[in-house]
């Protein structure tokens, strides 16, 4: 394992210390490991919190700030955070009109956020939760824990963050989040495994000519292995299942998101985006907005994921609204 | 013997030792069908539980279990945190303020703990989760107690059933938790949570047997 | 080699196509492979161009836009671009008051930009060039090609871009660029090699426990190999040579830049930044502004570099000025 | 023989072939002390030069050399592009509009080409650059011509001197270009540019010998 760390145990707390030092104008870090918007709580504004295992940076801590999240709870690497983190986050951002939890659909995250919701309501704070489950690689059936939350989370946090910033009530903000989740789909692939610091070696092994299709963001193995081919031939393996699933149709407008898994250089993500444009063009789908870069990563895993969100004028307007966070910033 | 607060603490200490000793093994199992953190999660959680106990020195077994439950809830995260957290919280419920637990009380406690895990995680036997170790363990304990076995032998039979239950997860296809994403590819690997559940019950047999 | 590409030959042109599609509101791509600010030329504004081999994304193309570069010339991967690219860039951005070339000090870049300067002046465009040579890992002597231009280039392009945006004349803008170069120093390390697409295999081999200190951004070997140790112990090997070189002193204010080489996850860069803060604190140096992330990369190389720019009020004001490019954006 | 425009083109074609054939080797050499692009740069550049020549069909050797020089300048980039670009541009200068080059004219051309590389790159012999192959080559050519050797044998002696010059770069410490960053660690590796210079002169000997 080759990492710029001191010890597996101290990765999260030291990274948070660095983050607080680097972005002190936008965020503060409070005990127990919660990244909070520096001007929280905002009276009369719905608080927006999220969280999940660490190792997906910049998500979620990098999305804390005006126009996006009010707080983020980073767990240990790839482990959901704990209810006491979420409770502190909720208390820190409660502006008197309730708090929305945006939860990626993983058993651990769901269970911990459920408990946090109970705890917060015990303290008299109104809480709603919305699950993000956009990963079409996973069958949503009684034989699985349901679809995972992946790239759609980033888009949801931006759009819902803009709505909360406008002062909309909790019910509306939660409803909007459900709508985004209903309209967003993702799928990813990996060329290499990540290395979890505590494990010290790759979570899985892929041969030189292999690619893992339908990968998650935790080094969980995907649905199948395929031969590594030119990206123009590989991309349909991600895009077709997405288009089939929603189903997206000719004339639809989307926000298209090419996400890097961490180890794939930006130059390759642009080659991926070029192909995505072609494929959507062929399907008659118009890209209204786009995002290209490593935003929901899996440590140093090489690979990418594609996320498409079907967007109406309202969603596009909220996407364009100002955002001022360590990792996403425009209009501010 | 009967289990007093100090014995309950001893169980937790032995559990922490074995989670640390088996950390790599649990990590390997979780790498195969999960995200490679179960070993780190369990050892972090039980080490924290031991520290907390030595700071608080609770007076009866139920207080020990509650303390451990709270620590696991707040330190572990992932699926393991709330599930094992609930397990320990629920262990405490049927035994109230008893100073000492005999086989009957432990039986009631374990049943409550396992039902707590079921209620929280909604897993059924055969879903390839910790339930597949815990359920046989509580059933074996109940049978042994009904047959009038000694506490030591009942604990031993319950640990053995957990071990067998954990082993029996190998061919299963996971339907809950992260491993379920793998579908058929989850078959052929032992479930990490079932494995840690066996380690817990083995530690109980050692501590109290 | 595992890359999301079609063929080594088409990497640059396809990535540029993707970039143009993704950032059409900010940049356009013209023949022969030049990334140009979408509203160029701006009459009465000094044009700012830069360029270099590809594989360092987002540099330079990601820095084209209001407040930073007017155009960027990407060469083949790790190969300096050619004079005809630079000439087209110069013509495309010339607003009648001259063009500044920001050139990283590598033999290839220097020679090609020199020829481009001749060509542009032949066309009646006034051109100045400033060399960036901030890498303290290289001895600046008659026995070397001089120091390389690395992380300081990013800071220079931002600050000089802000000055050009203010409408300052060419001579002043060039002078400011020289000042930034005089006050900036960098040093990097690598944990792994990059893989040049054409080569198909790692440029160098590093053992599991080794780190290469004083690395460049092209997989050029560094000055020495060291044992990979906790990052708190490794960081002084980068920071001390930087502080010794300028020399920075107690009371100085700096813009501190922790750069990721591509394959190192953001979580580790924050751990690096945490340590940098400690070390500068011990030296009595105040961090006025910071930048943390992968901005001048070396494909998928794992590693980081540290850049420190001694900054007065004027440089900090220019740093804070609005910038609106694909990779750096604030205030806009 | 004497070198007409077609022969000059033939040289460039042979050069392109050998740059493609030796691409991996040049890449390996450039990986050791540079940035692993010299093989790709040279084959891209010479292939483009061949294409351009076949589109333009220049009428005399100087026009061939100028065309190649321009193509290398605009297609290669890196240090190699301007240096080899200057080399070919300068080859054209002493020979004006000659339809055919004999040994004397080639000697003058090569001297001018090498001086062009020196002027642009400011490298001296011993700096571990292409100069270390080019300089011995032009000197060997001049000696051979002065001794009245045949054109074929003069070309052969010039190629052999380039080869030896390239080999002799192995122990040198680089003082110019990217390899100079390595300091002492550049010793022990053959310079990629000197190697491609040898390939060029070897191709000339083959084409015209």
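Every chain is named by a letter (A, B, C and D) in the order it is written, and numbering of its residues begins at 1.
Keep in mind that, in the parts below, a contact is a pair of C-beta atoms (placed from the backbone, for glycine too) under 8 Å apart; a residue touches a chain by one contact, two chains touch by 3 or more.
From a predicted model like this one, the values you see are computed outputs, not experimental measurements.
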item	value
Labels of chains that are neighbours to chain A and to chain B	none
Distance from the mean Cα position of chain C to that of chain A, given in whole angstrom	29
Distance from chain C to chain B - Cα centre to Cα centre, in angstrom	54
Chain C and chain D: spacing of chain centres that average the CA atoms, whole Å	32
Overall pattern in which the protein chains touch one another (line/ring/star/complete/other)	line
Pairs of chains, among all present, that meet the touch criterion	A-B, A-C, C-D
List of chain A residues in touch with chain C within their complex	2-7, 11-12, 14-19, 21-22, 54-55, 57-58, 62, 191-192, 206, 208, 211, 228, 230-232, 234, 262-275, 277, 290, 292, 294, 297, 299-300, 302-304, 329-332
Complex contact set, residues of chain B against chain A	27, 31, 33-37, 39-41, 44, 73-83, 120-121, 173, 175-178, 180-183, 185
Interface residues, chain A side, partner chain B - complex	8-9, 32, 53, 75-84, 106-108, 111-112, 114-115, 137-139, 142-145, 148, 196, 198-199, 203-204, 216, 218-221, 223
